[in-house]
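Naming follows writing order (A, B, C and D), and every chain is counted from residue 1.
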Amino acid sequence: MRAMEIPIQHGARVIVTGGTFDKRYDAIKGELTFKETHLPAILEQARLTLPLSIDIRLLIDSLHMTDAHRQGVLDACRGSPEGAIVVIHGTDTMVQTAEVVGRARLEKTVVFTGAMVPYSVQGSDAPFNLGFALAMSLALPVGAYVAMNGRVFSWDNVMKDRQEGQFKERLQGSVTPRRGP
Amino acid sequence: MRAMEIPIQHGARVIVTGGTFDKRYDAIKGELTFKETHLPAILEQARLTLPLSIDIRLLIDSLHMTDAHRQGVLDACRGSPEGAIVVIHGTDTMVQTAEVVGRARLEKTVVFTGAMVPYSVQGSDAPFNLGFALAMSLALPVGAYVAMNGRVFSWDNVMKDRQEGQFKERLQGSVTPRRGP
Amino acid sequence: MRAMEIPIQHGARVIVTGGTFDKRYDAIKGELTFKETHLPAILEQARLTLPLSIDIRLLIDSLHMTDAHRQGVLDACRGSPEGAIVVIHGTDTMVQTAEVVGRARLEKTVVFTGAMVPYSVQGSDAPFNLGFALAMSLALPVGAYVAMNGRVFSWDNVMKDRQEGQFKERLQGSVTPRRGP
Amino acid sequence: MRAMEIPIQHGARVIVTGGTFDKRYDAIKGELTFKETHLPAILEQARLTLPLSIDIRLLIDSLHMTDAHRQGVLDACRGSPEGAIVVIHGTDTMVQTAEVVGRARLEKTVVFTGAMVPYSVQGSDAPFNLGFALAMSLALPVGAYVAMNGRVFSWDNVMKDRQEGQFKERLQGSVTPRRGP
């Protein structure tokens, strides 16, 4: 029975930490800052029908993320009642935080995502990335992943190419055959 | 090795058939019509790094879709060199076309998606749905699925609730445990 | 003294009647309908500092506008405490309503405007047209005008070219020299 | 004849100097920078039917504007064949450049405008301000003005309130009666 094969959909959790995804333009200061997360607006736009709990943990630039912050993200993942978790994170140190969570070998699927262009800027990749990451959190086996711009990477084989603004495999030839039917 | 577990990412295919996703406002006629697909614009916005081939098959309202059209979609899926396929489709008869593809039992993962609000309208669910469906096409086992607004359904257990504008399971209690680690 | 020459800015009034300007996409019905005016959202986006009173009179397609409706618009203009008035109106019969107001020769500046693309659709002309019309209501002598897409016309010399979706002079050669310094 | 009273519409000129209006998000650098002007995109959105010539003079932050730059803007105004001129300018030193143009007492109507939020950011005031300023350039007597967020000021009586992000009169009680019918 094919209906047996799809993953449970009892819900997922999104943990917000900030990053470009959540930057807003401050008209008085004339710069991009953090005020509140765009997540509820994006979820309304997505017309989400999946039960989703939201944990707004941090709203910071990921360059300012300390070891204590990363430990906090790990604790939030560990404490999550949902096994499918998306972490919204700045792209600059997303790989480091994914490593902290990955090494903990939780029995959960934790997918890190973010945006190269803030949601508040026209033509942002935030809604696409959030949809992509949420699906991966529901469908992939337990583990920690980075999902950006249509690709997903295991936490132990990903890097950000700052010149091109893209995430890539760190090692060559590590991509493996898909799990069969 | 966890890096071994993620699905191959040799690329995916998007088959366009039209639907609300692709409607545009015609300022002269004063109504929503089809002119060209928004897909390239959405993919540019998504900053897609995954190789993706695009097959623009139809640009019609799914209420106008005939059996011949559905057969054409099935043929397009069958002929696709990529095993991960997203079909952009109008929501009104998405379930019927998914059934035609599902019954064919292709050795491919075919995920139907669309939008409740056109991409050209502010606050569209199109980018989120496309990201979600693309991830599902990469991560789910072979089969035909409908993926909308954060949920994914097997082709043989899904219906559109027209009153609420939501997709739901057709049968009760059919959701099954997620595949374990 | 140049500072003496600019018009008073004690405020203006916007009378809403509906039209394309205010259409919204209804995701359940799958069509553009009226629900509530976009005017407050546009004014917030415009960061308006001018005192502005809003009179939401109608929310209809201008093809459905009757003589009684037009008389109601005239009454609203006549009763306005502000001498600078913008009327948001559907483009199809904007000229007829402007004529009703124009013939009344009120001691007010009434500028009709609207949109070729709804505010809720990406790339709408609504914010530009509203800014343009508001300025004309403050700066032009008393009279009734139609202001669309960067041009302003006297009520007695304007027509909508339905083929091109543009407003034009009805008579040739009637454009006159600008008032001098 | 009322048709005689509206200003000529032989066209206008827009001189671009940059400012917040024209900032774009650079996804690689992660900050707002200048790349090219948004003006053509805004004019297309505005469905402009008025002949308009565009002079892209500068694309800089107005805090970096020198006396030589301001002299260049004045020269561009002086050399303009059109008598109705809009200058797109950063808000921080808009008043200073308007003063340089105002003191020159050109026989033209020059209206300075800009944006508090870049056009590329959702909810920008740029389209509204451009429409408002263009109308003022067509309708006001010759002189130099600052037009922002629904208000227009003579160059010799305007200041930017940086705390509130608003333009205001510099002197009290200088607002004068509107020109009568």
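Keep in mind that, in the parts below, contacts are C-beta pairs under 8 Å (C-beta built on N, C-alpha and C of every residue); 3 or more make two chains touch, one makes a residue touch a chain.
If you're wondering where the values come from, they're calculated on a predicted model, not measured in any experiment.
Where touching is counted per the definition, subunit A and subunit D have no chain in common. If you average the CA atoms of subunit A and of subunit C, the two centres end up 46 Å from each other. Subunit D has its Cα centroid 22 Å from the Cα centroid of subunit C. Within subunit D, the positions touching two or more other chains are listed as 27, 47, 116-117, 123, 165. If touching chains are joined by edges, the resulting network of the protein chains shown is one closed cycle, each chain touching exactly two neighbours. Taken pair by pair, the chains that touch are A-B, A-D, B-C, C-D. Listing the residues of subunit B that touch subunit C in their complex gives 20, 25, 27-28, 30-32, 116-118, 120-123, 162-165.
Within the complex formed with subunit B, the subunit A residues making contact are 2-10, 42, 44-50, 52, 83, 102, 107, 116-117, 123-125, 127-136, 138-143, 145, 147-157, 165-167, 171, 174-181.
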